[in-house]
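Written out below as C-alpha cells is the structure these notes cover.
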C-alpha cells in the first residue's frame, strides 16, 4: 500500500514539470500533503499513538489544508495571472525532471543500506531534486516558495524512512513547516508582491 | 497457422478508417459516409495514373513502395494468440521499431526531395515528434522485457499474463494507455496533428504526402491504414491473455481493433490540436510517463528493493 | 537551573520590550539583558564541562564563543540606542525586542550539545535576524529580508537533511541520543559514504549562516543593508554560530576515514570564498558591502585553516575570536560614518579625517587589524596558517591564498584611505556633515586595543580555552 502512495507522489512531482498554471501547483502541493499523511499512517507502526496522531494531524492540517489555502489567497490577492512565467521553457523542465528521476534511482541503488527502504531514498532524492529545480528555474517569488515547500516534503519523506526508531527527528522536521508558515505570513505582513520576478535592487 | 496474425491485421485494416470516419461523423451529428468508403477511394486511386513534379528524383518515386514494404515487414514480426510470429528472434522489437522508422525516413526524405520548403517544414516537425516518442516505445518494451525476462515479441506476449505477478493487470492497463498515445503520435492524429487541416502553417504529416497522386497515393493510404491496425494488434496483445481459445481470440481481436478505432474517432471529435510549441512537451510527457511506468514496475516487482 | 532562568527571563524581557511605554523602560530592559548574558558567560566559564538541562553543555568552544558574544553585547546595545534614537516608539521596541531574542537564541546555539537542538536555535536566529534587517522599511531592506529568510530556510532544510543522514548511521534497534558525545561512540563503524554526504549537506546548509562559499550571497546582502549595530552583531556572532555547527560536525567525523575528504572540501570552499571576496571587493562601491566581503574573506581563511590541520586548528579559533572583535568595531564606526557623511556610498564620501578625526583613526586602526597587518593579532593567526600549510607541503593553496589576500588588502586599504583623506570622486560635493561626539568611539578603540594586545601577549586563559577546544582533533 505504501508503494502505491509513494508512486503517486512521484507522479505528482513529474507533473510539476508539465503544469502550466499556478493553481495547478497549489493543488499538487495539497495532494502531496495528503499522500504524505497516508504514508505516515502506514509506515510508522512502531511509534506511540500520541506522537503518531500529532504527525498525522500536522501533515493533514498544515500541509494539505492551511498552506494551500494561504497560497491561493496570496495568488488571488496579488492578481498574479494564472500562467506562471518561467525562466526555462517547459520542454527543458521536463527533460531535467526525467534526468532527475534517473539520477535519483541510480543514486538510491548506490546508497543502499540494509535498514532503509530504497524506494524511499529514490523518491525522496527525486523530490529534493524537483524542489531545487523549481527554485532555480522559476522567476516568480511564489514559485520559489512552492519549490521550498517541495524541498521540505523531501525532508519529511527522508525522516519518515527512519521515523520508526527516531520519532523526534520527524517532530523537529515538522518545525520546518512552521517556518514555511512564517514565510507565507510574511507575504501578508510585508505586502510582498507575489508576482514580482526580479528582486534586482541589490547589485554590486 | 502462423500467418493468422498477418491476415487478421490486414482484415482489420479494411475496416479501420471507415470506423474512424463514421464515429467522427456520428459524434458531430451527421450520418457520415459508408464503412467502406475509404476502400472505394483507394480502388479509384489505384486505377489512376500519376503525375510527377519535375524537381523530384528517384527517392520520390520509390518512397511509397518502401513505406508499404517496411510496414508489411513489420507486420511479419507480430504474434497472435499463442503462435509465434512469422519472423521471431531475440530483440525483434528493435527491428520492428526501426522498420517503421525506415518507412518514415523515406517519407521524410521524399518530402525533402520535392524541393518545396513547405514540405520541408512539415518533414522537420514530423522528424522531431518521431524522435521524441521513440524513447517512450523503447522504455515501454524494455519494461515488458524486464518483467517477463524475454526479449522477443512473441515470447513476451506469450508469457505476459502467466508470470504470476499480482499486479499484471496494472501493467497491461498502463501499457495499453501508452500504446494508444504512441499510436496517435506515430499516425499523426489529434492532438498532435490534425489530418483534416490544410492550412500551411499547421500541417505536419499531410504536407509530406501532398505531392503524391494516383497509384502512389493509394499505396500511402494503404500504409497508413495498415499502421493503425499494427498498433491495434500490439494493444490487443497487451490486453488479452494469449492462452485463451482461438475462436474467442479472433472475435476479440476484431472487437479490440474496432474499439481502438472508436476511441480514436472520439478523441478526434472532442479535442483540439495542441499549440505548435506545446507539442514537444506533450510528446516528451509520454516518455516521462513511460519512465515512471518503468520505475513503478521496478518497484512493484521488487527488483529495486 | 541558572540556564533555565536565563532563557525564561530573556524571552520574557523580549516580550516585555514590545509592551513598554517609553524609551527609558526599553533601555533599562535591554541593559538588564546584557548584564544577564555576561553573568551567564561567567557562570559558564566557572563551570566548564558541566551539562545543564540535558541539552546544553558548557564546552570550551561554547564558552569561548559565548565570551565573544558577551564582549559584544554592551557595545551593540549601546550603539543601538544611539542609532534608533530618532525612531518611533513601536519601531524602537521591535528593534530591541528582536535584538534580545537574537542574542538569546545565539547563546542557546552556542551551548547546545545535540545536533537537533543546535539546528532549532539556528532556525530561530534566522527569524530574529529577519525582524532586525527589515528595520529600515525601505525597498532594499525588504528585498534583503526576503532573500535572507528564504535562502536561509532552504539552507537549513539542507542542513537538516545532513542531520538525517547522520541519523541513518544508527541503523535499527539502537536507542539513539543524537547528542555529540553519543555519536562519537558509534561513529567508528559508520559507512564512510554516508558520512561524506552528511558532511556535504551540513556544510552547504550552514554555509548560509557562516557566509562561506556555496551560499554566501545572502549574508553579503543582509550585512550591507541592516542597521550598523545589527550588522556588527550578525557578521560576527552569527557567523560564529554557523562556524560552530560545521566545527562540531568536523570534530565528530575527524576520527574516521573521511578526514582527508573533509579537509579537501573545506580548503576548496575556503579558496572559493577568498576568490569571490577578492573579486567582488575590487569593485565594491558601498562601504558596508566592502566590509561584508571582508567577512567572507575571513571566513574563507577560517575554513582553509580548519582544513589544513595541526597549527591550523589553533589559528582558526583565534581568527574567529579576533575577527569578531575587529569587524564589530568597524561596523560600529560605519554607523557613525553614516551620521556624519549621510551616505555609505564610496563615491560620495571623503575627507573623513578632517570631519571626524576620532572616527577616522578607528577606521585606520580597524583596517590594520582586519587586514592582518602587524601589530594586529590576526597577523599571528594568519602566520600560523601559513606555517601549517608549509609544513603540509600545500604549496598551491599557500600561493593562491597569499595572492588573493593581496587583492583584498589592496581593495580595502585604497577604499578606506580614500574615505579618510581625499575629496569625493567625480567632484561631488559632500553633504552637510552631522556631528558626533568623539566619546562614542571609545568602545571601538577598546575592542581594537584587545586585538592588538593579542599580538603581543596572549592571556593564558584564552590559550587554555582554545587548546581545550581543539583537544579532540588529530
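As written, the chains take the letters A, B and C, and residue 1 is the first residue of each chain.
The criterion applied here is as follows: a residue touches a chain if its C-beta (ideal position, glycine included) is under 8 Å from a C-beta of that chain, and two chains touch if they have at least 3 such contacts.
Every value quoted in this text rests on a predicted model; they were computed, and no experiment measured them.
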Open item on the list: Just to be sure I understand the contacts, which chains border both subunit C and subunit A?
Closed with: none
Task: Centrality ranking, top chain (CA atoms only) - done: A
Task: Inter-centroid spacing, subunit C versus subunit A (mean Cα positions, whole Å) - done: 32
- [ ] Mind checking the centre-to-centre distance between subunit A and subunit B? Centres are C-alpha means, answer in whole Å.
- [x] 38
- [ ] Find the geometric centre of each of subunit B and subunit C from their Cα atoms only, then give the gap between the two centres in Å, rounded to an integer.
- [x] 66
Task: In the complex with subunit C, residue positions of subunit A that touch it - done: 110-111, 113-116, 128, 135, 141, 144-145, 148, 151-152, 154-155, 158-159, 161-162, 165-166, 168-169, 172-173, 175-176, 179-180, 182-183, 186, 190, 192, 199, 201-202, 204
Task: Complex contact set, residues of subunit C against subunit A - done: 116, 119-120, 123, 127, 130, 134, 139-140, 142-147, 149-150, 153-154, 156-158, 160-161, 163-164, 167-168, 170-176, 178, 191, 193-194, 197, 221, 224-225, 280, 283-285, 289
Task: subunit A-facing residues of subunit B, complex - done: 278, 280-281, 284-285, 287-289, 291-292, 295-296, 298-300, 304-305
Open item on the list: Which stretch or stretches of subunit A touch subunit B in the complex?
Closed with: 3, 6-7, 10-11, 14, 17-18, 90-91, 94-95, 97-98, 101-102, 105, 108-109, 117-119, 122
